[in-house]
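Take a look at these structures.
Next, two complexes with chain A in common: one pairs it with chain B, the other with chain C.
After this line comes the complex of A and B, so read on.
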């Protein structure tokens, strides 16, 4: 009986873990000194896919990727798996047309970069957002 | 080693200007090193003819299999001097005739982004004649083990020294880019009997690329003139000798046909691609007009269709290449000497053996087993027609072309 109870608790814990991970909300963030209030998903996609770097206010965006959330971010943004995004960037990179966004290791590093650079645009888990940055878009 | 020195003074004179631009923007510079590669084994089911990825290679492959056909390793160093100024150098270790260092340097340029939608690049640039031309070594970027053979093996040119200008527009919610380029191409290509052919050709061209959603379309045109001759001294020396002048005076009539200096190529192409994340399709068609005997006028095309199942892609590929070649009649000698008649037959065989007459079907798989790595397998079945010659295959002069060849490949692509 104890075994069955333990099994249920373990199963519930595992499900909670994976559910939380799979449905994490990602927020696109910017620097408070930049007067940009929000971006739509098309604008964020253009910036992170190397198509256009100017922001709606005329300043040039500095996009920042992060290794931890990168597959999930691009899946939510473009509905394509990370392998296809990598193949896309391989063409742009190795034909000298564009360079992929700078890569940061985690949410803290992205927050640091966005705080430091006025035109930086990054993405983090919504749980870790704070008042030092502005949320420009929410991706569910 | 022969290096094209013409562009060096021009590049040096522009360095102070670019440094001024970089300093004026007062942004920190950054460096990055990236790379790509393929480790692949390729083999065929015959020893009668050898398979090349394209004719810049020195090693063909037959039933003995080999790894040089599709294996390569590329390294790229980027220096972002400022928001608007970037330098890029890319070198690839691969099987290429001629100077190993110089011929494998595909990119070495400065890019100045005058505006966000206007770029100028100056230096050594990848040849962009067709859609895949300037990234055909980056196998990770496409589904196949190699670019379609009928289409890309006929263009064994990877780089030129010059400049290009790209202007981007937004059109109907899509992205339109127009590129104009020009420069000087120096390519070392192997020949069957006379070592390396140092081919020099000024080239200029333009292409238009439009991308919207799942669709991409491309139109391209390139014009190139040849300013060098192939190493045909083995043929010219006897033709110009006093002995031949008496016994075979009409033979000199073929000299204009076999020289290349001053002759031209016109490459025209159209391409269309679709990729919705699940289904992917791509086609290109090209017409290459030429008045050179060694690389006659031809039409080439391919069509590929693929379907992704999670990390596995299954694809098919159809290709066709045909030349429009008229037979070269080698004049008869005045004297019916058996040796001269044999020479006439041999010469006729060489001059009329430059056609491309090839069709193929390929089936393959790509498995993205890791984030930056893909495992590929491909089987290609080629039908080789009459007069299909050594343009794309290793074929001994006078040997009969087999009607069909199967080419099998397995490999791993990666980027880092």
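After this line comes the complex of A and C, so read on.
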């Protein structure tokens, strides 16, 4: 038992070290005009996976994906590989009743969309964050 | 049923085994059905769980995304499986879909699986519940049980078939052969059972050996018995010969005098022919055979009381004057092996002896020439009669032939004898049937008339006699004899109450007639004078004169 526990702790520590080293921090951002101050990861997951689009303040969120950070973002958010996320969307898209978030090419395009739409919620590398958007959640 | 009553042992055996197998198979099939049912239920649960595993991600997605369409697809997919009767998807966001297939009478326990978010934390976001299809398990179980039963049937059937053949060839056939041979042996055609080639050392071979031993023993015993029986037969034949040819008639009677058994000779003695079948057993011996049954019954009584051998001469029932049938009978009481009182007796035919005795007595009593009674016998009878109650109206006639001495002297004794014989017949023809004619000797005769009422009958008879005797007797062509008769009459009790007195009185009267000229009858009057009647003689003389 002890051995197993120790092994888990060790593995977790190693994993933390590597992720911190190789991956950048991703931040979830929203429009400043939106009075939303922050979101937890569950809320972000619900919005991006199409489970629950309405925001706590009553407005309907507009999630925006971006090609560059997409695998990393979903991995951080749901701990699932991107293939599984794609399969999920494939199933839902097939019904015709749901669709994945709109896809932007990079951080700038996301910033632009967030600035433009009051209900837009996107994610970008934390290095590219500026004051024109509000950071709602940080994903490490 | 026909098999049961059939004569073949192996059919019967197989029938019973089959019956037992049928019962066992039924029980086993029932148990196997229960086990299979249980197994099918478990199998259904496993299948359903596997199904759930298969569709769980999709179901989770449907619940997570609250997508009714996906949930619907999941349910449709689930219900396409036979094992699923009902499937329900519920989500914590209000999604609730349910789908069933057909109807189900039996309640089945539903299988519930919590659905988790496809992403991240293990927090239940909905439920998938499936109710198994009862008819699936049932049909599975039924099929399995049926397959088991058919398997068993085929195995048992084949085994029985083989057993049938084996039992038939190993037991029934050799047994049949032994049985048939035994039957032929009983018919006397064969002496031993041939050993069975294939069963020399087993029980059947032993049976054959033992049967042969018994047969051997039987043959020996039979031949011994045959010798013994032959001896017994010879002895029995000898005894039977003695029994059948003995001149003594043996008989055995019960206490009441009814016939138990008797020898064939008895029939002959008793006057029955051999072939004259009479059911004599059980009949009363005394009344059946004896003229005076009481005599025999008295013998029985004596034998019973005095316990000694009784002996007596007895007259048989069919005894006659001409053909006397007499037997000498010995009778004694015995007690047989069963404690029953019986009479055993012997009968000898003494008819010849009796006949001889009778003939001798007859000779003694009768005159040899005329066959008439002699004086002694006649006097005896008269004496007896006078002593009896019927003595009244008895008449005695004393006769003396007139002219006989002369004829006898002239023509010789032979002619005299003929005259005497003819006279005797004439006298007999003149008297009544019961009257007695007696030759006193020479040419003197005595006639006794019984019950002569009125007395004149006696006179009439006397007259008839005189008339008859007077008729000439033709000896041959040359010789004709003329004789007459003088009759003295005495009446009882007028002329005497004793035989001697009566004869004396008649004698006197007869002599008076002789004196008065013969050919007439005389009788003493009350006053002692003898009156002579020669009326018929005179009449005749008158006739000759004219």
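The definition used in the following text is that the second predicted complex is superposed on the first by the 119 of 140 C-alpha atoms of A that agree within 3 Å, B and C clash if a C-alpha of one lies under 4 Å from a C-alpha of the other, contacts with A are read in each partner's own complex, and residues count from 1 in each chain.
Convention: a residue touches a chain if its C-beta (ideal position, glycine included) is under 8 Å from a C-beta of that chain, and two chains touch if they have at least 3 such contacts.
Here the structure is a predicted model, which means the values were calculated and not measured.
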{"item": "Fit or clash between chain C and chain B when superposed on chain A", "value": "clash"}
{"item": "Chain B versus chain C as contact partner of A:128, first or second or both or neither", "value": "neither"}
{"item": "Which superposed partner A:57 touches (first chain B, second chain C, both, neither)", "value": "neither"}
{"item": "First, second, both or neither for A:108, with chain B first and chain C second", "value": "neither"}
{"item": "Touching partner for A:93 - first (chain B), second (chain C), both, neither", "value": "first"}
{"item": "Touched partner set for A:79, first chain B, second chain C, both or neither", "value": "both"}
{"item": "First (chain B), second (chain C), both or neither touched by A:45", "value": "second"}
{"item": "Stretch in clash, chain C with chain B, out of 26-34, 44-52, 224-232 or 278-286", "value": "44-52"}
{"item": "Chain C-contacting residues of chain A that also contact chain B", "value": "51-52, 79-80, 84, 91, 95-96"}
{"item": "Chain A contact footprint on chain C (complex, rising order)", "value": "58, 61, 64-70, 93, 118-121"}
{"item": "In the complex, chain B residues that touch chain A", "value": "32, 34, 36, 74, 76, 78, 80, 83, 86, 88, 90, 107, 109, 111, 116, 121, 125-126, 134-135, 137-138, 140-142, 175, 277, 311, 368, 371-372, 374, 415"}
{"item": "Sites on chain A touched by chain B in the complex", "value": "51-54, 60, 71, 79-84, 86-87, 90-91, 93-96, 99"}
{"item": "Chain A - residues contacting chain C, complex", "value": "42, 45, 49-52, 77-80, 84, 88, 91-92, 95-98"}
